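Structure below; questions to follow.
Letters A, B, C and D mark the chains as written, and numbering starts fresh at 1 in each.
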Amino acid sequence: MIGGGPGSFIGDIHAKAAQLDGGVSLVAGAFSSSREKSMERGRQLCLNPNRVYGSLEEMIERELRLPIDERIDFATIATPNHLHYPAARALLNAGFHVVCDKPMTLNLAEARSLQRLVRSKPKLVFALTHNYTGYPMVKLARDLARQKHLGKILKVVVQYPQGWLIEPIEKKGSKQAQWRTDPKRAGKAGSMGDIGTHAANLVEYITCLRITELCADLGAVIPGRKLDDDGNCLLRFNNGARGVLIASQIAAGELNGLRIRIYGEKGHFYWRQETPETLDFCACDGCITTYRRGTDAIPRLSAAAAAATRLPFGHPEGFYEAFATLYRNVAETIRARKAGKEPSPIHLDFPTVDDGMRGMEFIETVVESNRRQRWIAWNK
Amino acid sequence: MIGGGPGSFIGDIHAKAAQLDGGVSLVAGAFSSSREKSMERGRQLCLNPNRVYGSLEEMIERELRLPIDERIDFATIATPNHLHYPAARALLNAGFHVVCDKPMTLNLAEARSLQRLVRSKPKLVFALTHNYTGYPMVKLARDLARQKHLGKILKVVVQYPQGWLIEPIEKKGSKQAQWRTDPKRAGKAGSMGDIGTHAANLVEYITCLRITELCADLGAVIPGRKLDDDGNCLLRFNNGARGVLIASQIAAGELNGLRIRIYGEKGHFYWRQETPETLDFCACDGCITTYRRGTDAIPRLSAAAAAATRLPFGHPEGFYEAFATLYRNVAETIRARKAGKEPSPIHLDFPTVDDGMRGMEFIETVVESNRRQRWIAWNK
Amino acid sequence: MIGGGPGSFIGDIHAKAAQLDGGVSLVAGAFSSSREKSMERGRQLCLNPNRVYGSLEEMIERELRLPIDERIDFATIATPNHLHYPAARALLNAGFHVVCDKPMTLNLAEARSLQRLVRSKPKLVFALTHNYTGYPMVKLARDLARQKHLGKILKVVVQYPQGWLIEPIEKKGSKQAQWRTDPKRAGKAGSMGDIGTHAANLVEYITCLRITELCADLGAVIPGRKLDDDGNCLLRFNNGARGVLIASQIAAGELNGLRIRIYGEKGHFYWRQETPETLDFCACDGCITTYRRGTDAIPRLSAAAAAATRLPFGHPEGFYEAFATLYRNVAETIRARKAGKEPSPIHLDFPTVDDGMRGMEFIETVVESNRRQRWIAWNK
Amino acid sequence: MIGGGPGSFIGDIHAKAAQLDGGVSLVAGAFSSSREKSMERGRQLCLNPNRVYGSLEEMIERELRLPIDERIDFATIATPNHLHYPAARALLNAGFHVVCDKPMTLNLAEARSLQRLVRSKPKLVFALTHNYTGYPMVKLARDLARQKHLGKILKVVVQYPQGWLIEPIEKKGSKQAQWRTDPKRAGKAGSMGDIGTHAANLVEYITCLRITELCADLGAVIPGRKLDDDGNCLLRFNNGARGVLIASQIAAGELNGLRIRIYGEKGHFYWRQETPETLDFCACDGCITTYRRGTDAIPRLSAAAAAATRLPFGHPEGFYEAFATLYRNVAETIRARKAGKEPSPIHLDFPTVDDGMRGMEFIETVVESNRRQRWIAWNK
């Protein structure tokens, strides 16, 4: 693991999620740019101190010296955004598979360069942790949508409100808030980069549609912020559907309120990340069907949703499990590749460099649309 | 009553709601442009046949011939939109108070003319049936917002999705759908006129803010429609807040899903018309307080919410009661005026010609913004 | 109307509900044993003062002197329980149809006598206001259960918790609380009589089963109370199913929380009075279907549920409407009888003297079971 | 680990939960009475084959031969019930700490014997996996109840309905169902032993009250069952409060529906295992406060709830985390004891042999009450 030092929020999640199913072990890390902090984190994790490194470069160099069956297979990049690109490039060039946090890079140029690099190394896996696609009920929605359960999709409303930046906590010592509100480390966008990209990815994942135009209105609501902490976006899709995307980190009273409604000719889906075990389908005749994870009804509707389930129905799964499914899929894909086998379609279901590229384009387009206060075509 | 003939949806609601509290009696009506249908409706309502008329003109003429204490005090206009203005004008000029359905008129010119007329007759009441403002929990939200419960308001998301026009039922005999999709009878906007105006009014009612700019994206999703049946709108408010307004009548699986979140510095409100008896306040510390209509907590927070309550807590009230509160307020205001008294502030709480004017401007601005596909300032 | 004087809770509900649909008019009343208060209530209701009476006897005598097409058709008894029986007897003997509040009488002996009287007058309607059976979604549950939607019914859990008696408000001037906690006016049971009878009736109405044995544990939790203010009951049904019935008026924080789960071989129903517009069916395969009042799905499932609907879907109905449906059914039955026609099955769907008898037996059995602290068979 | 062989439901949960926080490693096991299956499970778990054993006896013998700092510290017993007691006895006698699944033993005699044994070895930890007490919101409820948030507790309604035994799946190859419906392996009670004990434990954990009397009605609803698959119970508590406990495994359409309402003088709590992240407090004034795990409000209310939190608010935790908290507390207690320190109160918060004893008494009392169809005093 790269990053995820003491006090890191997402680093610990990566570690627990990756290891939940027992197919992955965290054995080495460069957890911090401070060797001392890196060692401290290594001790917390009970790692062999010889495999806790003071820098990425050291890690790569020393891991490569290990016999091939002892060295790490892949590395997770859980640093602030500006370090994603150099780390990913170095790791890929050294022959390691990569799991990278989102957004993929600091800017579009880096993203393009990384996309080229990944494409040039077809044997290496590059995965992006759009972890919300790991929820079984999200996979169910995607599969039902593919099976034309909704008919043609006409409208999408996706909201991702959080409230944790309603106070200027970046001025009060929150490291999380500091880098996420700093353009040098976070990139061009704040909320839209951090969580808007998740929302856009979720929409495209479930619907298999592409956003083709958007009109954004962003604000830095808390005085002194250089990046957006709140934004609303009108969307248009490649099939003509319309949509709205809302991302905010000053939505006081919200926790991690990602939720989505997808309207088609025959009804609509409703899913909420905070109660992720159910998916509602509201039909034209007024009946609502609530699907519940792990129940008998699921396997006949979605193999992916069934495969993403660990616990029996009624025993709640949550965030770790969704994240772990992403890791499991990556690990199984790497395992199949190492064994010279074709990975199963179930396991190939994780976000790739192309999703990362779309995320970076989304940020670029949103920021540009807001700057010009008008509709912008994406990617034509 | 003008309009509301056999088979009318809203006419029957007006009749039941107006009479629920016993302070209003429906005694006369011109329910249809067909004398026969008007008489039929009169019989349904057990009215004196001498006071069921074949036209508005006849009604005015004959009511004026009655002794002043026998004639009607006010008339409700529950016709399609294009008839609102001529009816309202004739009634006001004849000296009757008016309750008019929304949107107020067919177009902005009529609205301006009507506004002038109403202003010239300060003794007459002109009320518009933005009935959703009649819900006690909406009044509670407004009063709490005024008491700075939210702090400064930063963001608003209001949605009004319906699904009843997902099929082209205007081609299959639905009279409701026919006039509401016909620009000659409905005006410039479809969904945005019919329900978007309710949403805009609700936002302004609760927040006491004014929308000052908007950027709309409207669609006539079902082939052959001349008016929007779906639309999304970015908003800006006079205090700098941002917002989103969504109105759709092709949101399959939705019923009458008006819902609103209002975000401030200290938390946010959430209210849903389909479960109107509760208001959620989600605070910055993560606790949600759910207020419930009729409970002991309400009177100390909002006199208006308390006064809009008929049944004890836990005995659900709904749509009729909210509508009835609007009628009660209008009736009590007329009664006070007749008695030469000042109406109480509680009773003056109903939408006026100025709200109607804002609704017409909203329609105008939304349609113009959509036509030009850009932000439009709304006449400051 | 008999009873329902100034300040009465249920009297005003009867008046509004009866008249909601326009087929019933309140024209006469003996609202209080005080002539003055009766007149005051008559004025509130804008009644002809000649038809506001100082006593039931006076009302009967003077109404009978009116021409038959001017006199009242039926009378509603909305007094405390101890007055139900004498009022019902006098009215029936005078030839008037009767709508009576529940529980039907003060004790079982009165109930038996009344049942005999009603059976001896087959042309007269006697209806009991178990109003919760008036909700459309309750009727849907009943019809689906009859259609074997659940398969054999195996278990029932019905709860009716209220919290309004958590304080000894009968000592602080609450008239409602005074008579309801007074054995001389309320009868043998407190909570079990006031709301337990509703719960028992609801179970039997939906399931078409009969309770055959029960084991009750009642308490007078608030010191000084002579009647139960809290109780729990084990149930057995005539098909072998088991159940639980809970009724409490000291369940602090509850409003009017009647809710019921009915488990069968194929799944279970869940309905809550406080959000009465939906009925959930939770199937064995884990999917939940939520039925919503007024939607397209309803008429093909239940004619009774469809007929009990006034407003379009998504426009919430509540307590008044359910009550009004009971009155509409009674009024249409009386109308049919007057016209010498057979009432439609839809309109015959209201609680009768036999339901009232079961309610009184329920009270008797519950109290006896509690006294003896053991299971008691209920009249096989 | 003892038990939890291939295909075991609860064994895998123990393994994942124990290791989630990184403070526990599964290093050895006797997973099955078949050496082959035990080895298979060991391979799945990537264990050292030298530490996968064919029997408990072998495991104890060989582990004891290892140097003290290499051998296991504690063992988890995840077998069917009839094996709990011999395994626990052997392990404790060999000096190992024990984590045991519930119900604690096959019968009361074993339980008494085990209780004596545990009391005779004060240095050894014996923990029982009443895992539902591991949820943060359960701990919050307990702490708020202790702080008199409810006032005196007056009434408890706890339900634990499941539907997975609605079909006779024990006849169709379900191993889970086979042993759980077999008195020789499950003990005297079916549903009441498997899940009724959880419900009783949860009530006593949150309220700090003791059940002193009960009246049970149990059924073996599915033909051919020897043990109860459904049951209802009236309760009385040592402070005079009344209650109801419902446990069923034939409640079709339910998943794992443990839910509890605890009524006091000032309001009531409501918690549902299927949406475990929130706790509702419904106050006498009608307001509901919804507490949410991980939010800023929690630490000032409950140190135990705050300490049981891993993920930030809005990132759902579930069943594994609650289970893991129990393991963390056990592990930290063992760690403190090994280090000669006093464990912190936070870590001593896990169910002990005394809770196990109460569970066995509960089973005994419920079965006896049902057999005699009457109230039985518990433990006087």
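By our rule, a residue touches a chain if its C-beta (ideal position, glycine included) is under 8 Å from a C-beta of that chain, and two chains touch if they have at least 3 such contacts.
Just so we're clear, the structure is a prediction, and the values are computed from it rather than from any experiment.
> Determine, using the mean of C-alpha atoms as each chain's centre, which chain is farthest from chain B.
It is D.
> Once you count every C-beta pair in contact for both, which comes out on top, B-C or C-D?
C-D
> Rounded to a whole Å, what is the gap between the Cα centroids of chain B and chain D?
From the centre of chain B to the centre of chain D is 55 Å.
> Just how far, in Å, is the C-alpha centre of chain C from the one of chain B?
That pair's centroid distance is 35 Å.
> Whole-Å distance, chain C centre to chain D centre, using C-alpha means?
For chain C versus chain D, the centre distance works out to 43 Å.
> Send over the residues of chain B in touch with two or more other chains.
Residues 254-255, 283-284, 286, 288, 292, 294-295, 313 of chain B each touch two or more of the other chains.
> Report the residues of chain A in contact with chain B in the complex, numbered from low to high.
My answer: residues 154-155, 157, 159, 161, 163, 166, 215, 217, 219, 221, 230-232, 234, 236, 242-244, 246, 248, 250-255, 263-268, 281-284, 286, 288, 373-375.
> Taking the touch rule as given, give the residues of chain C at its contact with chain A in the complex, in rising order.
My answer: residues 283-292, 294-298, 313.
> Flag every residue of chain C that touches chain B in the complex, lowest number first.
9, 13, 15-16, 19-20, 22, 44-46, 162, 254-257, 273-277, 292, 294-295, 310-321
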